[in-house]
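Structures are listed in the sections that come next.
Two complexes follow with chain A in common, the first pairing it with chain B and the second with chain C.
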Partner chain A sequence: MRAAPWLAFCVAYLAAWFVSTAIPVPLLWHLPVERRFTFVVHPLGLGADFYGRLLLCLGAGAVAFVLARAALPKLRPGLIPLLLVWTCGLLLFTGGLYVYTLASRQPIPAPLPAGYVPR
Partner chain B sequence: MPRVFLEGWAKPLLVLHALCAFGLFGACTHQAVVAVALLRGKLHLGRLARIYAQVTGALFAAAFSLGLLMYPHYRYHVRGLYLDRYAPGTSNLFDMKENLLALGLPLALVLFAVGRRFEPREEAQVVPVFAVCAISLWALVAFGVVSGLLVTSVRGV
Partner chain C sequence: MCLAEAVAVAALLAADPAFDAIVTSATSTSHEQALARMQEWVDAHPGDPESARALVWMARLRRSDGRDEAARALLERALREGPGTEWALHAEKALGDLDLEAHRYAPAIARYDHLAGLPAPLWRYVGSSAAGHARGERTRFRILIAILAALAALSLARVIRAGGPRSLWPPPAELLWLLPVLLVLLAAAAAQEAPEARAVVSLSLGGAALLWLNGAWLRARPPRRMALPALLGLGQALALLYCAMVWNGLWDKLVDTIAMGAQ
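Coming up: the complex of A and B.
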């Protein structure tokens, strides 16, 4: 049963990634030009939500891991296949969501700084 | 020109990131082959499974961390100024790679945590867990390596 808490981590991590992508939620955004972080749904300038989303999902996974580990003696053996199915389903849904969304995205370029010459 | 985090280190970080990724792809491929053999009942391969689980976990952590370190430089100088303007398809391909590999992080963690003490003869219930994680991670890493090469061929750091 020692795999159960780790699979619970997987399920919570992937579910948090899916939900935070499908629903606009406030995240920690890194603004690389301004070299700072901000906690918003979407910043006005150039930003990266990757670090914030990763922290959110690692946090969700850690909570699920701790809860599953605490409940380990009460867990039934049939839980491992169930968690594995949920892991596969969430992996496919979340991956599919990104492929579908990004396949047709029109990115907005950052304004060119003065004197910029593309190599 | 604005300066971003670790800008001067982008090239050495990219080389290290690529080396870790190639090593990871090799380890993942071996691990996936072992996982298929375990599913087919070759339960004597526990030692190999444990070794590849540890190598894969360590290399995934190294490649992922290096990617996180050079991401601000990529986000502004490569994607923001160039790819989004001149090669939007490549920009989208990189974002697919970035997010799909982030989905592989918990799988690598499971493989490392569960696989390093994995004894297939005594833990038959863990064999499908190991196999699903190993094969899924191999597919994600294979996509990541190929798309990483394609993106870098359009615009490196």
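Coming up: the complex of A and C.
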């Protein structure tokens, strides 16, 4: 039963990843050109949402972990296979969403910064 | 789009400056204020041939606000007050569209056929293409009703043969296994446009119902071979997808996406 909190962590982590991708939610974005972070739904310039999304999902997973750990004495052994199926299902579903999103993406290069001189 | 259409329709033949002022105000003031001002204009010009145009404009504004019944009353009044005018034909087309959206296919097709029988080439084209589309929608709607009836009959028969509603409890493993996927799908629907969101919600809830019923049936009467139940389940899933697309008016969008790609 010690695996239950970790499986709960995985389920919440993956669910948060899927939902935060499908629904526009404010996230911490890293702006590499400006070398700063900003908390918005989508920045205007070049930005990476990876760190913010990772933090959000780790937070959701941590909450589920704590709740599952607190409820550990009441959990039934039959819950482990169920949590395992949930984890695998959400992993496939979230992976499928990203494959679909990235497969049809056509990257557009960001404009070079003003004053840039190629060497 | 309806608001843009309403502004464009009014701008086509606008002649009265007061009429123009009301139309252009619709983009900056509230729709209610613009409608009240246009109503005053209509009341101040009894018998004016342009009043039908004003009523069609008001109806389109009402439609853009989702108030279809108020739009219908305005369009019927436009038909009465502007017989023989261009705007009566616009009103008839819009009434046909309202009937079509409400799944009243016979009156919608009758209106479109009337337009298709007019001598003007534009209205002949508009009427005949709309009538063809409405006939297609009617056929798809009848198939949808037949599918829903078949699914309901199959589910009811299975529940009875499995021992009644008590056989449904506890929820079967098939439903529990897919529960988080259905829940995140429901959450994702919040970010979609209204028809897409309704389709995703229909699929999620319908899928949950089918999983529940099929899982309870398999638990009560385990089959010797799984091939037939698996095929039947696949058929049910496809039927559910069809129903969600047709019921939410996404069939044309699906056909366009297949024909022309997602972009």
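In this text, the second predicted complex is superposed on the first by the 113 of 119 C-alpha atoms of A that agree within 3 Å, B and C clash if a C-alpha of one lies under 4 Å from a C-alpha of the other, contacts with A are read in each partner's own complex, and residues count from 1 in each chain.
The rule is simple: a residue touches a chain if its C-beta (ideal position, glycine included) is under 8 Å from a C-beta of that chain, and two chains touch if they have at least 3 such contacts.
As the structure is a computational prediction, the values presented were derived from the model and not from experiment.
Trainee: Would you mind checking whether chain B and chain C clash or fit side by side on chain A after the superposition?
Mentor: fit
Trainee: Going by the contact rule set out at the top, does A:Cys10 touch chain B (first), chain C (second), both, or neither?
Mentor: first
Trainee: Touch check for A:Gly59: first (chain B), second (chain C), both, or neither?
Mentor: neither
Trainee: Once chain A of both complexes is superposed, is A:Leu91 in touch with chain B (first), chain C (second), both, or neither?
Mentor: first
Trainee: Give the angle at the C-alpha centre of chain A formed by the C-alpha centres of chain B and chain C in the superposed arrangement, rounded to the nearest 10 degrees.
Mentor: 130
Trainee: With both structures superposed, pick whichever of chain B and chain C touches the larger number of chain A residues.
Mentor: After superposing on chain A, more of chain A is contacted by B.
Trainee: Once the shared chain is lined up, is A:Pro107 touching chain B (first), chain C (second), both, or neither of them?
Mentor: After superposition on chain A, A:Pro107 lies in contact with chain B alone.
Trainee: Looking at the overlay, what does A:Arg35 touch: chain B (first), chain C (second), both, or neither?
Mentor: The answer is first: A:Arg35 touches chain B but not chain C.
Trainee: Under the stated touch criterion, which partner chain does A:Pro24 make contact with: chain B (first), chain C (second), both, or neither?
Mentor: Only chain C; A:Pro24 stays clear of chain B.
Trainee: In whole Å, how close do chain B and chain C get at the C-alpha level once superposed?
Mentor: After superposing on chain A, chain B and chain C come no closer than 15 Å at C-alpha.
Trainee: Could you pull out which residues of chain A sit against chain B in one structure and against chain C in the other?
Mentor: Residues common to the chain A contacts of chain C and of chain B do not exist here, since the sets are disjoint.
Trainee: Within the complex, which stretch of chain A touches chain B?
Mentor: Spelled out, the residues of chain A in touch with chain B are 2-3, 6-7, 9-10, 13-14, 17, 30, 32-33, 35, 46, 48, 50-51, 53-54, 57, 61, 77, 80-81, 84, 87-88, 91, 94-95, 98-99, 102-103, 105-110, 112-113, 115-116, 118.
Trainee: Per the contact definition, I'd like the list of chain C residues that touch chain A in the complex.
Mentor: On the chain C side, the touching residues are 173, 176-181, 183-184, 187-188, 190-191, 262-263.
Trainee: Can you name the residues of chain A that touch chain C in the complex?
Mentor: Per the touch definition, chain A meets chain C at residues 11, 15, 18-19, 22-24, 82, 85-86, 89-90, 93, 104.
Trainee: Mind listing the chain B positions that touch chain A in their complex?
Mentor: Its residues touching chain A are 1-5, 68, 71-73, 75-76, 79-86, 88, 91-93, 95-96, 98-100, 102-103, 105-107, 109-110, 113-114, 125-126, 128-129, 132, 136.
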